[in-house]
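Two complexes, one shared chain (subunit A), two partners (subunit B, subunit C).
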Partner chain A sequence: MTRLTTEEIRIGVIGAVVVALVALLPFFDNGFYLSLTVNIMLYAALCTAWTLFSGPTHYVSLATAAFFGIGTYAVGLGIDHLPFPVLVGVGAVAAALLAGIVGAATLRISGVYFVVFTLGLAELVRQLVSWSQSKFTGRMGLYVFTDIREMHILWMLLALTVVVFLTGWLINRSRLGFAMEIIGNDETVAKHSGIDTARAKILLFMISGAFIGIAGAIMAPRYAYIQPPSAFNPMISFLVVIMALLGGTKRLWGPLVGVIPFTILMDIVSSRFPNHTYIVMGIAFLAIVYLLPNGVTGRLEQLRERLRHRQPKPEAVSEEKPA
Partner chain B sequence: MSTPALTVNAARKQFGGLVAVNDVDFEVREGELLGLIGPNGSGKTTMLNLISGALKPTAGEIRLGAERISGKSPHEIAQKGVARTFQLVRVLPSMSAERNVMAGAVFGHARLWGDEARDVARDLLARVGLEKRAHLPVSALTYIDQKRIELARALASNPKLLLLDEWLAGLNPSELQIGISLIEELGNEGRTIIMVEHVMDAIRALCDRCVVMNTGHKIAEGEVGAVLSDPEVMRAYLGDDEDA
Partner chain C sequence: MIRRTFLALAASAAALSFAGAASADTIKIGASAPKSGPLAGGAAMTHWPNVHMWVNEVNERGGLQVGDQQMQIELIEYDDQTSAETAIQNIQRLATQDQVDFLITPYSTGINVATAPMIAQYGYPHITTSAATDGVAEFAERWPNSFWMLGTATQLAEGAVQTLIKLRDNGDIGDTVALVHVADAFGLELVNAAKGELEEAGFEIVYEASYPLGTQDVAPIISGAAAANPDSFVAFSYPGDTFALTEQAQIQGLDVGAFYTGVGTAFPPYVGRFGAAAEGVLGIGGINVEDPKIADYIERHNASAGAGPDFWASATTYAGLQVLEQAIEAAGTIDRAEVIEAIKSGTFDTVIGEVTFENNVNPNVYTTGQWRDGVFVAVAADGLDVSAEPVRKEGWE
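Entry: the complex of A and B
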């Protein structure tokens, strides 16, 4: 649990090469591909942050838009007064606090109640922001003017995704990660083994929420004009769930497998058939749940397992037989 | 006299109109192996659930050593040194045998981490006879092996008090012998244990004393031989008809 395995080193090297390639992209293209890659990186960061919590706990959170919007608004409200990096931090803390409150209120209940509550929460936050904006400022939106350009946003999102991965890896090696593995197996055993299950889940939800808040803050300069319907867009929550489930949530890198094709698909659909995006989302959701309940990565693992059983190694067989 | 390892003082658990545990008192001394017996539905498992915190008592008090544990949550009670097994065996199916046992070492009373926790898990797996299967997923293990895992997990926290809820149930005669000698060893080491059990031979062979419950009440307590020949205990088990 303390030393690096060869597999971890290999993944680290591959990851570093991919990160370097993505980071170099703005020097080759500043138009369509950069814009598409920003979208992919955004959902890569969001889905990985979402999976940090929802992967081990199996709680489906639809509050992504709430945390994201809070991050965006932290930048929108403060950009004339504070430097951008500080506002990113504010967005992270605000999103983590909201996640902590939601977690304390709902993580004791499970399953569908949690899903509905998080969806309702995102809507509530959006309505509250709309209402207070029209009440106190008389405007519907906020302008965000900065000299942050698209390539800076790409780099920041890339850095965020790397940090989310490193955090996930560190958590997996920590007591918190071990606790989550036990909770995912049997919560009763977890409690009676001495794990404060509520605390562990809230902590993880807060970490996940903070990263989503940071993603929202990073995206604010790209929107330039921030309104509640775009910052707290429920589409974000649903897309994150669909992409993460498509990729598979058993491993932290699983969602990436879903993010890349799905972002490209959504890009094509929204440019060619702008009125049919919801239909595509709905069909994709049904297809994933029916055909790939464990996602692409889960399916691949299943196939590999089946192949291994078809050609069993002799020593593996003798070991599995009961003595 | 020194403080008992566990003191149960007028513990009561009520589910609506049903009183599952009705003002029960008993003590467990340090290093003692206490049997908790009684017919089905007499409240034994509920009593264990009150001690381990799975249920909170409606009234009364439970102390571990000098410290009150009744009303605390299960994870706090586990950290203070109460470990348990479950009536229907509960293992962590996706994890290896070794990691199952480490769960107890890492989060329970002992609170170890890293190599220390792993060493404890390996020693205990060897102890329960599973050292060769340490890296198999527990879902591939047989019923008795899963029970062994559960026991090793409970022991890994180095508990002050071990609660065994029908740990010997469902074992075949030869497995039962192995199980009994394993618990006997634990008793000889000075572990404090409460075992809920239906296997009377095991109670006779292992326990110093026993407490008998019937319909939520404690009806007898004392040295095993004497308690089992108590007329009220016989009536509880066999019914009212003395000619039976």
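Entry: the complex of A and C
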């Protein structure tokens, strides 16, 4: 391992301060802002975990709801028998196994086939889970009643997001990260360089899936009543993609910049226009696409470029046109 | 130009949000229920029209009498998008940002259970009118501020079986039953309760099937049932599949003396869709047509919403609001703990009759109804009198 650069140390310190501030929030607000922050943290964790795989590979996965639901159901089915932390682990392993099987079957195909398959996957898993639940367990409604309160969920999601970030950072420094970079740029070149591309992609898909499964497990006590439509809600998959793209997927922190404004925007829209949520959301989407075609990170980089252009730098002009 | 339009939109949005400033003589009541998502249709039929009607009626008669003060209701409503996260956030917003005095129940079993801990934490009375599950006794114990008015799955299943027993005693049907259910918590609770009751009463289940939630094609279920040649057909279904099963039974001419479907049978659009073919169909719910209060309620609902109520949970939803209204007036205060006490100990005069809670659960409910001349008449109930006896279903014409 190489040593940390000053840049990395600076980001680490800023990150630690932000994490500490969020962690202290429950001591200052026990109401609405805590709830809002829980939702922001949930999507921050989900989008970052999603970007872990989809960022470098450019595979758009709509399977988030499948992994999320597996995690939720692990807790729902086992809460009467096993302690909660064990079930979170079970959820992670189950989601990773599912990702492994799916990855082995589909990651050799690419483009739109992968997207369509992952979309169907969430529905397939949902049907399998509810079928086997009624067939084998004989349990009806799954209730998860625990002592876990909102602040605990916030802390768990925060810790999860931090772990996802650290994992992403470690992967970027590892052989796997280097391999992913080459695969993302040109898969044929990667193959010819002797990289086992399928293995690398499956491994990364499993890591990403496991994190999403953990997020689902953490949310189970919040739902209290576990049903397939809420655990395997396809909206989760779509929202994650939209937020990640809004932020930009080139950097691991890109989705964060998308999640925070998006969740707050959704919240403002649904509280101000309760009868017209979808119309106003549609207008908001159009506005985002019109004003931010490259996501928030793209916009930030554009602004930085513009600032640099103000200072007289002759070589910057030639950057305008790609070779 | 376009940018300026967005700015103008944003400015008008901000202006709108400041429009609803409250005065001292108002009582703030918050409501969070689906206006979008999978349950929006059900809520638009059963939940929202009653909320709006109740608020308008109370305000027109001068408001709620709280002690020596007349208080107008200010309703603050949010869309929970049929999502538990959004619902929890809405409750938080209502409690801490809008600081409402009372809450109207969310819609559906799932969202009521998910929001119950939050509502309990803020000490609001939580009068649920859209959760029919066997868990109610446990929930009422867990959250002493919660009240459960729509009955239990077992009550509903018992009502269905009692109706079949009556028909058999009259010689209208024989012993064989086809039993179908949607494979989710609701369907499973009902079918398990019904099975025991049917076996005890000496019925023979000749066909049994389940289907996943959201199934579109139910033709194989009806043809499977028809092949078993049953005397009655019982399906514990949701609105979408209730309509689909009825349609297939009509197409295939399923020849049974009793045809029972679940949620949705009691919706006015059901009879609108099937017309005369709906005559004699049995289902969950029912109302007492003899009761002048119900007739008056239906008339007011028609005038207020431009459409009739459904013949099951609509009246219960309205009755839940009446309970809240009468409990606040009886307590003479907007202190939530005192209002909860008033609900626990009081007797309430509502459109579904006199309501008294036993351990926070309303034990008296209509369980089975039957379409008769365009009205869904109660033919079985628990703890209440019914004005009509079930009759044999005569074909699909």
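Odds and ends about this structure:
Note that in this section the second predicted complex is superposed on the first by the 267 of 323 C-alpha atoms of A that agree within 3 Å, B and C clash if a C-alpha of one lies under 4 Å from a C-alpha of the other, contacts with A are read in each partner's own complex, and residues count from 1 in each chain.
To be clear about the criterion, a contact is a pair of C-beta atoms (placed from the backbone, for glycine too) under 8 Å apart; a residue touches a chain by one contact, two chains touch by 3 or more.
Everything quoted here is computed from the prediction, not taken from an experiment.
Legend: residue contacts after superposition of the two complexes on their common chain; A:P83 is shown touching neither subunit B nor subunit C.
Once the two complexes are laid over each other on the shared chain, residue contacts for A:P274 go to subunit C alone; subunit B is not touched. When the two complexes are superposed, the chain touching more residues of subunit A, out of subunit B and subunit C, is C.
When the two complexes are overlaid on their common chain A, residue A:D186 makes contact with subunit B while staying clear of subunit C. Applying the stated contact rule after C-alpha superposition, one finds that A:L36 touches subunit C and leaves subunit B untouched.
Within the superposed three-chain model, A:F178 lies in touch with subunit B and out of touch with subunit C [touch as defined at top].
Contacts of A:T197 after superposition: subunit B is touched, whereas subunit C is not reached. Subunit A has no residue lying at the interface with subunit B in one structure and with subunit C in the other. Of all residues in subunit A, those touching subunit B in their complex are 1-2, 175, 178-179, 181-182, 184-186, 188-197, 319-320, 322-323. Contact residues of subunit A toward subunit C in the complex are 30-32, 34-36, 39, 42, 127, 130-131, 134, 140-143, 145, 219, 222-225, 227-230, 233, 235, 267, 270-275, 277-278, 283, 287, 290-291. Of all residues in subunit C, those touching subunit A in their complex are 2-3, 6, 9, 13, 16-17, 35-36, 38, 77-79, 81, 83-86, 88-89, 92-93, 95-97, 109-110, 113-114, 116-117, 133-135, 142, 183-185, 188-189, 192, 210, 212-213. Residues 52-54, 73-75, 78-79, 83-84, 86, 90-95, 99, 102-104, 106-109, 111, 113-115, 118, 132, 136, 140, 142, 153, 157 of subunit B touch subunit A in their complex.
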